[in-house]
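Chain lettering (A, B, C, D and E) follows the sequence in which the chains are written, and residue indices restart at 1 in each chain.
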Amino acid sequence: MTIVAQAILNGIMTGMLIAIPALGLTAIFAVLRYVNFAIGAYATVGAFAAWYVNTRFGLGVFPSALVAFVAGGAVGLIAEQTALARLRPSGALAVAIASIAVNLILENVIRFIFGNDLQGFDLPIARDWRFAGLRFGPQQLQTAAIAIAIMAAVFLFLRFARFGKAMRAVADNPDLGRLFGMDPARIAMITVVLGAGLAGVGGVLLGLDTAIDPMTGSRLLLSIFAAAVLGGLGSIPGAVLGAVMIGIGEELAVLVLPATYRSAVGFATILLILSLRPAGILGERNT
Amino acid sequence: MLSYLIFTLTLGGIYALLALSLNLIWGGVGMVNLGLAGFFAVGAYASALVAIAGVPLPLAMLLACLIGAAAGILATFATIRLRGDYLAIVTLGFAEVVRMVALNERWLTRGSDGISGIPAPFRAELGVDGFNLFYLALVSVIVLAVFLTMRRLDLSPFGRVLKAIREDQELATFAGKSVTRFKMQTFALSAGIAGLAGALYGHFQTYISPDHFQPLITIYIFLAVTAGGVGRPVGALVGAYLVVFFLEATRFLGEIFTVLEPGQVAAIREILVGLALLCVLHLRPQGILPERIAPAPKPETSP
Amino acid sequence: MKSILQVRDLRRSFYGVKVLTGVNLDVIEGTITGLIGPNGAGKSTFFNCISGLYMPDSGSVMFDGVDVTRSRSQDRVAAGLVRTFQLARGFPKLTVFQHFMLYGQNHPGEGLLASLTGSAVGRRHEEELAEEALSTARRLRLTHVIDNPVTALSGGQKKLVEIGRALMAKPRLILLDEPMAGVNPTLMAEIAEHLKALNAEGVTICLIEHDMKLIGSLCDPVIVMAEGRKLTEGSFAEVVSDERVQEAYLGGRH
Amino acid sequence: MLKAEGLVAGYGAAEEILKGASIDVEAGEIVTIIGPNGAGKSTLLKAIAGLVPLKGGSVRMNGADLTRQDALGRSKAGLAFVMQEKNVFGAMSVAENLDIASFGNPSGMAARREAVYARYPVLADKRKALARTLSGGQRQLLAMGMSLMTEPKLLLLDEPTAGLSPKAAEELFMAIIELNRSGLPVLMVEQHALEALEISTRGYVIVTGRNAATGGGRELAADPEVRRLFLGG
Amino acid sequence: MSSFTFSRRGFMGGVAGLAATGLVPHAVMAQDGPIKIGALTPLTGSGGPYGPVMVKAIKAVAAEVNKAGGVLGRQIEIISEDDQTNPEAGVRAARKLVDVDRVSAILGTWASSVTTAVAPICWESGTMLATVSGADAITALPHQGYIIRTQPTTILQGRKFGEFAVEQGVKKLFFFSPQTPFADSQFTNITKAVKAAGGETKSLIYDDKKPSYRSEVDEMLAYGPDVIVLGGYAADTAVLLKDIFRAGYEGKKIAFAYSVNQKLIDSVPPEVVEGIFTIAPSPAESSSAYKRLVSLIDVQNPDPYTTQVYDQANLVIMAIAKAGAADGKSIRDAIRSVSQAEGGTVVDNAVDGLKLIAEGKSVNYQGASGPCDFTAAGDISDSQFRYEQVKGGKLKLLKIA
């Protein structure tokens, strides 16, 4: 029983790590209606930016994460404006394919600048706490707390803030938004900054837990997608739910299956859920 | 240099088969298959394993086609209800699972060691150079045959239904078309072609391993089809050869950037691949040879 | 007075909202039956259930004596039950000609193998179908735009293409969903003539329409739906004088 | 108050749809534009609202030149456009729709929202409902209510009764008249030409992108030539 | 072999038209221009952390030799290609190196799959292939002597890991590894050594792309080992080590020196790696070659792959001098006479070796990665190992044995 409880706990922790970039992916999808494969590279950019200011200027976790948000957002915005935005009339697929190219380019720009070596944050590491036979990582708790705070902030922003509501409105109907004084191009830009920035923060949280290299984000791309799709692309709470479910599913699977098939379990989970609910758990349905 | 050219052309032919496969499923019914590398792998492993077990090569390649097609049918079953963007992600996952199985089921695939010593047709008889030339001819003939078949299909009533499904699948059912059947047949055929490409690749290289089938190859094929023109077989064909030549040409850039570290030159090469894809999408969104829709026949009696 | 479509106690809900609350109606072979009713009466959902886009929760649909309640859309089309859509929908990149060709039913050349081998039967059928498509285009006066993609057509032409491709399916019963929406009176009259001619050739027509003039001049009988079921049925004159119909649908001025 | 002259506009490289149409609206009027399909009626309305770029002509409102303003600028100048379809945010509640409609002008939002509820109590009852669950007529009311949130000086309606049953259409016409009586001029394009002209002070007939006829609403509705051409007898 | 050469010539003659278009100038120039050697390493992909330094080491050797006058009076040109840690790309790159550049040797292939894919091209074209890949199967290929491997076989490595664990007093050993071509064989050989000493073992193969391995670590804790062996590469090992630390594991850890290298040590908090033992093949004494390499490329604690390619470059260059010819076949035939000549003068670099060879003396190269003596199959015949331990963020040498 304890083993299962521990696995679920571990799953939630792992899920929190992919929830933030999944949130970014789903936010961009909600407004711009395309699947952004570059989200992996945005996460890597954020991680490297934060690492740079952390190791170079000794900034702590929170200011570093802020830098990551800005860096991820800025790179996302530049990529959107130079490479992706003009393709929107050609359809979501063209933009998605272009974002694969952007991912490849950004990953290699990082490689060009920083090389392939592993880089680690200059932050202390703590042993886990034990409670009722279960293991909790203070760092993971901190990560989870940051993740939950970000999710709540995003949720409240979209629900109550003027710009947040405008984002939802433009996601729903850009032409109508324009009539009421919303500039869809500007809203799209804000969304991209938010989404790519979140991916950047996700990259930092990941880097804190592990170590970073140019492929940090790309390696997790499939998990991020799985989470967002499972929850229903475009649904903010869905992304978080999907991430946690994938996390728990994978950790539980390790108990019964060879650990090498972990990713396959995530994949099987999304196939199963999608065959029952083709639009994901909290996805919008058209009919 | 000449044998390099022969090699590059042979590889271009194998890429062309993959591009034709992708074009059929993507340009045909509009399903985005990001798992191309997976079907490529299935064909390569199937043919290699049965050939090593003693099955004659033509039969082994045929089997690779069939097993690839079966994998395609399986994939369609699993994904038939999915929206386009979900399908893309699920097929991406499919390729990863194929790679994982190839990596971990050592009893079948020899795991990460890969399978070496795959029989190559007439290699002993022809010698290395003779074989390479023969194989180029073999691959080219197969590419030509598949291309002609794809073109015929593109212009046939079947192709017309595919295009209709691509444009609006719900409406196609109200035109009386069994969308599921058409999708399944198309996916099977497409996966079969990818499987054939895999078989040809395995027997050409005589060695395959899970590392061969990384997602990057799928990106190359998307680049090929996008550059050539989605929805037109000749576009896919031309695009594939262009991509291979482009990939090889970027090698010689290293000689220009001598001041850079080797890792940086490698990074620049991959950046160039990405930029090429972006340029094609921006400058020729329809590709070099855009899709054409055949006109109605003109009867002499028409006014 | 044989009914070609027989609908019994058809029910369908969406997210707990009952849209069809037990539809019982018959479409008599050889008629042009009008289907009217207020917005939200369930007319479009009814069409969607009849044509197989949605499966009903319960009830039955008999087409020409055969139970098609659970059949797939494409099988209903092949049996001669064809529908159109409210907003003229089309396959954007396909030409008018290809739209027409596509609606040919039971085309032996459409199979994968037939297309690969170029079977003689398939080719012959294709040629015959092409003849038919051209003559349909002539009939609807669309010959000059036959190689245009449908996205390049005017709204009226799209409506004509929609009717033309339904014809190509050799229908026994056509379900027309607001064929006159957004159509000007001149074209409306033209479409009405086409519908009458079709009906004279033996095709049964069932149409949803808000334009009372058209309903009055074209349809007999007229079925009125309200709140997810049939409210009443009769000649145009009968239904417009019905108080319940005026209350639910027509309002004061009619 | 609105003076649109010699408007030329179209989409992309194709032939222009508007070839010099002109429209005036005076304070307190209901003006209806009718014409055959493809005449450019909706394009004309969109060109006035700034949703289609102008290649010629001018748009003036109360003397101010709006020709060079985009949709946003014209909406700030008091032009409110209600699209024919997709004119509400379906995935948001009625209340959110009204709030977001005052995006460009948020001060005093709550008071205006209450005013809309008072005018259309059916919206007040459904304030928490998602807009896509509304009936066709309610949705049109919401769309008009959203326009009111921008405190418009002129309401542009594109086929407001399209797809509505005769009863719902009639109710909507009543709502338009009521709105007009409260001082808001209305310019609309209508497929139900006869009914629309009957409630209009004036009407314009547009054919192939140009003015073909103009006159009082009932006068046009009675004109045998207009009736024969556009009203189906 | 001779018929092969003949057919190639006939073939080339048959397409003289093509040659006239300028496609094959290299072949004509080959005798006078520089001697070309290919470096085929992973510069991108999952081997990316290793390849760039390897190329640096190879180029450093060439530069050193060129400065001293080259070999056979010719300069050495290193042509670097990226195998993208992907055999498909590796084969394309090798084709270019062999067919276009006409290199006489390819050095540095890292991933076993890349090496296996590239090997047939090499032996068929008569190109020497020196690799650092670990899979046992590689030297079992029918390579006709064209392959040498500087990485000791996993049988040997596994045994060394096992024996070292026994020295540390192991009772229960837990083996963590991703799916590599040598994971199985390594675990088998560790188990053999541990069982002989009365201990027991357990293994877990993990997916190397995950952000956390908490449940895997739980499985390890449930087993309760006193020694953990880590079989992964740097990226996944860094993740795993952090999770092991957090879980409060206090026992001993042993890892490959190529995964727990200075880069990894610098990239994680010091307490995470403190006390880890690393094992790498090594020269008999605290080698002068190793020191030379460090000063040459200015990298502290270069990982084993770097030391190995450094040796490969030195060996190939000396073999060329020894054979008096720069083709692959000559290198193949001469390489053991510079790597392990009986009674030869011990040298630790090619510059010195070339001088001795010019004087007609026989040499025995002792490199930065070990004595570099090869069996007939191409494997390292005997290797000593370098045992280090992380102390205070630095690798401290414990012993060489």
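We take it that a residue touches a chain if its C-beta (ideal position, glycine included) is under 8 Å from a C-beta of that chain, and two chains touch if they have at least 3 such contacts.
A quick note: this is a predicted structure, and the numbers were derived from the prediction, not measured.
The minimal number of chain-to-chain contact steps leading from chain D to chain E is 2. Shared contact partners of chain A and chain B, listed by label: E. The chain with its Cα centroid farthest from the Cα centroid of chain D is E.
Note on chain placement: the centre of chain B and the centre of chain D lie 53 Å apart, centres being C-alpha means.
Chain C and chain D have centres, each the mean of its CA atoms, that are 32 Å apart. Mean C-alpha positions place chain B and chain C at a centre distance of 42 Å.
With centres defined as mean CA coordinates, chain C is found 47 Å away from chain A.
The residues of chain B that reach two or more other chains are 100, 103-104, 261, 263, 266-267, 270, listed in rising order.
Residues of chain E found to touch two or more other chains are 43-44, 48, 51-52, 179, 205, 207. For chain D, residues touching at least two other chains: there are none. If you check each pair of chains against the touch rule, the ones that pass are A-B, A-D, A-E, B-C, B-E, C-D. The touching residues of chain B, when paired with chain C in their complex, are 149, 152-153, 156-161, 163-164, 167-168, 170-179, 185-186, 189, 291, 293, 295-297, 299, 302-303.
The part of chain A that touches chain B in the complex is made up of residues 34-35, 83, 86-87, 90, 92-94, 96-98, 100-105, 107-109, 111-112, 115-116, 222, 225-226, 229, 233, 258, 260-261, 263-264, 266-267, 270-271, 274-275, 278-280. Chain D makes touch with chain C in their complex at residues 36-38, 135-137, 159, 162-171, 191, 229-233. Chain C meets chain D in the complex at residues 36-40, 86, 154-156, 178, 181-189, 210, 212-213, 248-254.
Contact residues on chain E toward chain B in their complex (touch as defined above): 3-4, 7-8, 11-12, 15, 18-19, 23-24, 26-27, 39, 41, 43-45, 48, 51-52, 55-56, 80-82, 84-89, 91-93, 95-96, 98-100, 111-114, 116-117, 119-120, 124-125, 135, 137, 141, 179-181, 184, 205, 207.
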